[in-house]
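Across the two complexes that follow, chain A remains constant while its partner is chain B and subsequently chain C.
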Partner chain A sequence: MLTSHDQPGSKPATETQTIRVALVGNPNTGKTTLFNALTGLKQKVANYPGVTVERKSGQFSFEGHSIEVIDLPGAYSLRPTNDVERITRDVLLGLMGSEKPVDIVVVCLDAGNLERNLYFATQVLDLGLPGVVALTMNDEAASMGQPVDPVILEQHLGRPVVETVAPTYKGVTELKRSILQAVGREGEDLPWSIGEKVLHAIEHLAVEIGRHKPMERRILRQIAVELLLDRRGTNRMIDLPGIRELVGKLRAELEWAGVKWVESESLGRYAWIRSVIESTRSASEEKFKPSRSDRVDRVLTHPVFGLGIFLLVMAVVFQSIYTWAGPFMDMIDGLTAAAATAVAGSMSPGPLRDLLTDGIISGVGAVLIFLPQILLLFLFIVLMEDSGYLARAAFVMNRHMRRFGLTGHAFIPMLSGFACAIPAIMSTRNISDPRTRLATIMAVPLTSCSARLPVYALMIGALIPATPLFAGFTAQGFVLLGAYVFSICAALLVARTFRMTVLKGRQQPFIIELPPYRIPSWKTVLNSVWERGRMFVTQAGTIILAINIILWFIAYFPHDNSLQAKYDAQRSAAESMLSGEQLELRMEEIDSLQSGEMLRGSIAGKLGQAIEPVIRPLGFDWKIGIGLLASFAAREVFVSTMAIVYNVGEADETSVSLMDAMRNEKHASGERVYSPLVALNIIIFFILACQCMGTVAVVKRETNSWKWPAVMVGYMTLLAYVSCMLFYQIGIRIWPGLA
Partner chain B sequence: MISGSAARYAFAVVDSMVKLSECRSGDIVLITEIDSQVSGTLRLRELGVIEGVDLKVIKSSNPMLLHVNASRIALDRELADAIRVSRMSLLQGEL
Partner chain C sequence: MSELTIQWVITILIVGLAAFQLLRQLLGLCRKPETGCGSACRSCNTQELLDKRLASLDDH
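== the complex of A and B ==
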């Protein structure tokens, strides 16, 4: 008999039905490690619809039962402050339409930080779902002299408490057994008290909500608690008819009766938690004793040393990204070229072959070439995240980011932008304030990503003299450094401008937990790097590929067959007259002459000539125009496009022939096209303009609208154009020698 | 006199109703009042920063760094303005 996992209703008995388990807990509780220990490698990562929060799930079988575990994002409270926490609430309360209600919750409790962990745990257990508690890191707590007694904890919570040490799989089997046993067993109410008057108001509100949305009683009560007590207001249930008015009335009544309703939940829960703690753990013998992490933090969070170490760490990270990725990028480049050659050799010439080799294969190559850098960047970010260092970096940078209307949380995305804006924009998810997050997304594409480097290298190598300035620095090095400094200044100023205008609003206060330092588990680290890399390839990659194909079309058509015949005649003439190395050189020359002439006659070439009047005031001619148009989708295309335009055949940014060609290029009037001023202007243009389709696509995905990508492309294009025009027009007047 | 919750130690209030933002590194304080009108205080409450809890100021820089229960929590100084505390001194024992 055929059975499908997608149709549980078709199955005869409950034993064959998949049991759905939600794994929840505070951040940094070893939840992900436990998830990996439970599910092994049978994992699936996708996105929740409409948001870019990852939905991680995995499967395991135990005693003939199939169990699906959903690893919900770490949260401090069921009353969310950001998108990530909102998912956790929506899934647990059954408000997420795409997610069926779960059968069981497994709550992770970090034994080393029981007070705070229990706050969220009691909120979750109040939902009344069958529950199991996984007590993690009790070994760590024991080594600090404060072990937690799981038996006493179990008596208080009324749910099975299983001690787990995930990396060694201790307790994992027992946890699986407890999950099975808990199926269908609703948990009893925890005996904490919110106060009689508040409770009364909650019951009243829950009944009203239930009239519009019939739901389980305890879930209704949790929604009522949130609507009544959380003024941050992130639950759309408030829009049900009459509910907003009722909430206002109930709050006013509580106010009038002198009840501190805002404080009631935290005071009530923590009072009960304190009584639980006092009975599960011997009284703290050494309160506020500095931990090992505190001693490390004396240095790492120091305003001067901490900043210095942080900058040093970043320098090492970026240097490694460039150094280590190099060989892999060369390898991918080689493989792409080999694949193109193989395809070209096995097909007859024609547009289809050209589309395959120049459009699709080189398009795939253009996506994959950045994968080594992106994976390395992810690796460093995950390592910093899992070791606990990332929170310290945010702590140290917060003060500096505040001046630009951002918070410490915004620093990591800004920094990642130096490698690639796409993962950087994806990492803005943990910024809780939506305005700060948007301002960060808008500013990140200005940070000098690795795709700009080839353009800098070409322009600086060709046109900036190696004049020594001071202490071993040359004008070339100075310009390169200047490009990076200019880009970070531009990004910060843009963020500030957005925060002062369209994204104006009070800065949300900065609150961050500094988790204890831990040695990351390699399995967990590699797993997250792999998943994030996969998401990049499938999501950003498909768009980059599509754009590359479109670009190929406009650079290829209209395809003039008479040109093909003309150059083929030249080829056969060369074959009959030359031989050996001379023939090879001549053939290469003919190839590049042909591609040059075809490009000039193509739609892209025509467009380049059409926009010349517009870019003239910037000091650019139509050939640069073609380069700018071609690099609209991806900056790194500029170098290879210029090589085609100047008929120099295969070229990279260190190509001498391309640099010579550019140096010797003259206007009709006899003036040189590429002065140092034009070179600087091209660099400025590449820093400021939005020439990356992948970024546009990822902004659309993260903001879930076309408005913000449009704003981004608009402001960056305008900024690039105006800045370059001002720079050039002022430049030719102040330094005529450079023009 | 209010005494701290640690079993082997006793604290005495030396300075009551000061702002948390005015405290110095190393100060041990008891939270007496939090202005719930200030945004961000609700998240602090959820993290365990509530009335009646004692905490140690690890760093009085901006952001401030606090030792609350077993957590290390960093927060803006302006958020710390919203928290009133009693500064305490150690009567016996040693930290």
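== the complex of A and C ==
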């Protein structure tokens, strides 16, 4: 045991104060499901290890008391190996600045994984906080012939043990009652032993730390344990005067005395835990029998069948995303256009009207248009998580991803990137190793998202001939396929490069828990999907909107009012001379001419002309430059920008007039601007360049800094520029016919 | 003031607000520097919060 008799100053519950309860446990112990059952709040529940990464809290009232429950991230140990475990430790020790100290801790124990769960549970109970144990999944343990007797477990732990089945609310009321009864009651010391010499060293170190940083003894002791026994030395307290030297001296003394101090905690805890497990199961234990999950796993984790089934599942998922999201995206597009028309009709002409219609409404549309794909992708991911399949998929893909310095966890985000990089980057939270996660985040934007498709379609349709190649394949189809294959290769090679350079480090062993298969709960699946969608709209969406407004500004100013008068005169002339369809066509033409001239005279237009010398070696002229600049907000903007630049009015990627305008465009020297080589180069540029502010915003949000978004934009821009310059300069020499 | 002038003023205000929001994100300015706003701003770094908490424990 690590505790002596100085317990924290917990007080019995009074009806006026809110009781703060910390809900802790290993990942995948049903902790979040229990949180929902206790508080009735909507929150993410999944059985893929490590999903709960954010603070969640909720309140409930019971027998006149107000109780706040904080759902802490799942952890395997109080000696933190990552930020998630660090948060759990800091909250329990009262070191989290934004979190008040907790009054009581509820520890979730998965009866099916009692040994590993008890390791963390005993660490938590050793902190000296009042505690209650919630025994979950005992029905699953019973089905495997290993039920746990809660009464015997309670005798060992010295804290109330309540068996709960959260989805059916079994035991939840009893748990609430136990929480109230346990507040202010100190738990008995657990009778495990770390060894007298190690305990003495811990006490000595705690006293020394306390001289520099006066804190509660239980906190000091935990810090002392961490400093003495954790050789990774991530705790900053080691830098206090004399502490590093004292730690070294105490370790040397223990080694000299023949004490295995590194293993002392785990050896002591596990010895006691095994004796507890033997007694809790002895009464009713049957022979262990393989579960239904074990039998299914023989197929789903098979090196050949498992891979085949996984690829099939992924094919269905992505086809569904493309098919099902399409109508919703069209609907959002239509609603955005209708809202813009309504606003334009109800206001007098002026900059505010243009800002509302072209900047804000289209900006909101640019955020919402991604939602159907995000929601659908997360629906599938959450279904796979909650059913337990995602852990198997990560296991199957691990050996393939390791060749590129990644792990099986990285496969889903990489694949998700083909729909949209934004949810794909959000889904990297499942990757626990920070280096692997960052390498994945850096590589995901290279996978060919759906926003690139309109650009590919325009370039291929306009400039690549439909020459038959083989087996029904045309040159156009081949180029499209090539674009996707190229993007996959680029993403994997970039991940490998990052892992070998700036994110170099020993590849973490791939450890994943394969939870039993379960039927997902629709309520929790929909809650989770809603939560992801809300997070995207409120956090990434606000940044995308702000950037869209600024881009509108630079494409609008300086606003030459004399141009307005000039084109108004042309409109009046057209109205007096033409009628019917002819008038309509002429009005569209005047609108396009005005937009084009306005854009060319704007800051964005001037920038396009200013960057021409830089993009000339890539075979691009200033008009393409304007398209590239505009598409830095969102790639699909390229098509509509080119339509404005070439004065062809409303156009999409299948617009014949835009394709004709591009095919006929010539330099002052009389040479064609667009050639198959330039088209291929634009496609390569769009694959490699970081032209999505939404992605930048999400990377900022997920990495909690601007450093990594800056690295991403920097390396992708450089990679795109150098690759395109080499491709074009070599291309015009090797294939002059294509230039 | 003419309607066009009002439109200009409001437009500049909105664009300025958008630029300020971006700048705030860029510089990592925290909305609640005392306790941490809990968002992705630079001030809300876990270690900094830990240090603040430890400093407040020292004070008491």
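Rule of thumb we're sticking to: the second predicted complex is superposed on the first by the 689 of 739 C-alpha atoms of A that agree within 3 Å, B and C clash if a C-alpha of one lies under 4 Å from a C-alpha of the other, contacts with A are read in each partner's own complex, and residues count from 1 in each chain.
Basically, contacts are C-beta pairs under 8 Å (C-beta built on N, C-alpha and C of every residue); 3 or more make two chains touch, one makes a residue touch a chain.
What you see is a predicted model; the values in this text were computed from it and never measured.
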| item | value |
| --- | --- |
| When both partners are placed on the shared chain, which of chain B and chain C touches more of chain A | B |
| Partner chain in contact with A:N398 - chain B first, chain C second, else both or neither | first |
| Which superposed partner A:I512 touches (first chain B, second chain C, both, neither) | first |
| First (chain B), second (chain C), both or neither touched by A:G350 | second |
| Touched partner set for A:A206, first chain B, second chain C, both or neither | neither |
| Touched partner set for A:I374, first chain B, second chain C, both or neither | neither |
| First (chain B), second (chain C), both or neither touched by A:I104 | neither |
| First, second, both or neither for A:D90, with chain B first and chain C second | second |
| Which superposed partner A:N113 touches (first chain B, second chain C, both, neither) | first |
| Contacting residues of chain C [partner chain A, same complex] | 3-4, 6-8, 10-11, 14-15, 18-19, 21-22, 25-26, 28, 35-36, 38-40, 42, 44-47, 49-54, 56-58 |
| Interfacial residue positions of chain A with respect to chain B in the complex | 76-77, 79, 81, 112-116, 119-120, 230-232, 260, 262-263, 266-267, 270, 283-289, 293-294, 297, 301, 303, 391, 395, 398-399, 408, 506, 508-516 |
| Residues of chain A defined as touching chain C within the complex | 55, 83, 86-87, 90, 94-98, 213-215, 236, 348, 350-353, 355, 360, 539, 542-543, 545-547, 549-550, 553, 700-701, 704-706 |
| Residues of chain B that touch chain A when the two form their complex | 4-9, 28, 34, 36, 38-40, 42-48, 50-51, 53-54, 56, 58-59, 61-63, 65, 67, 69-76, 78-79, 95 |
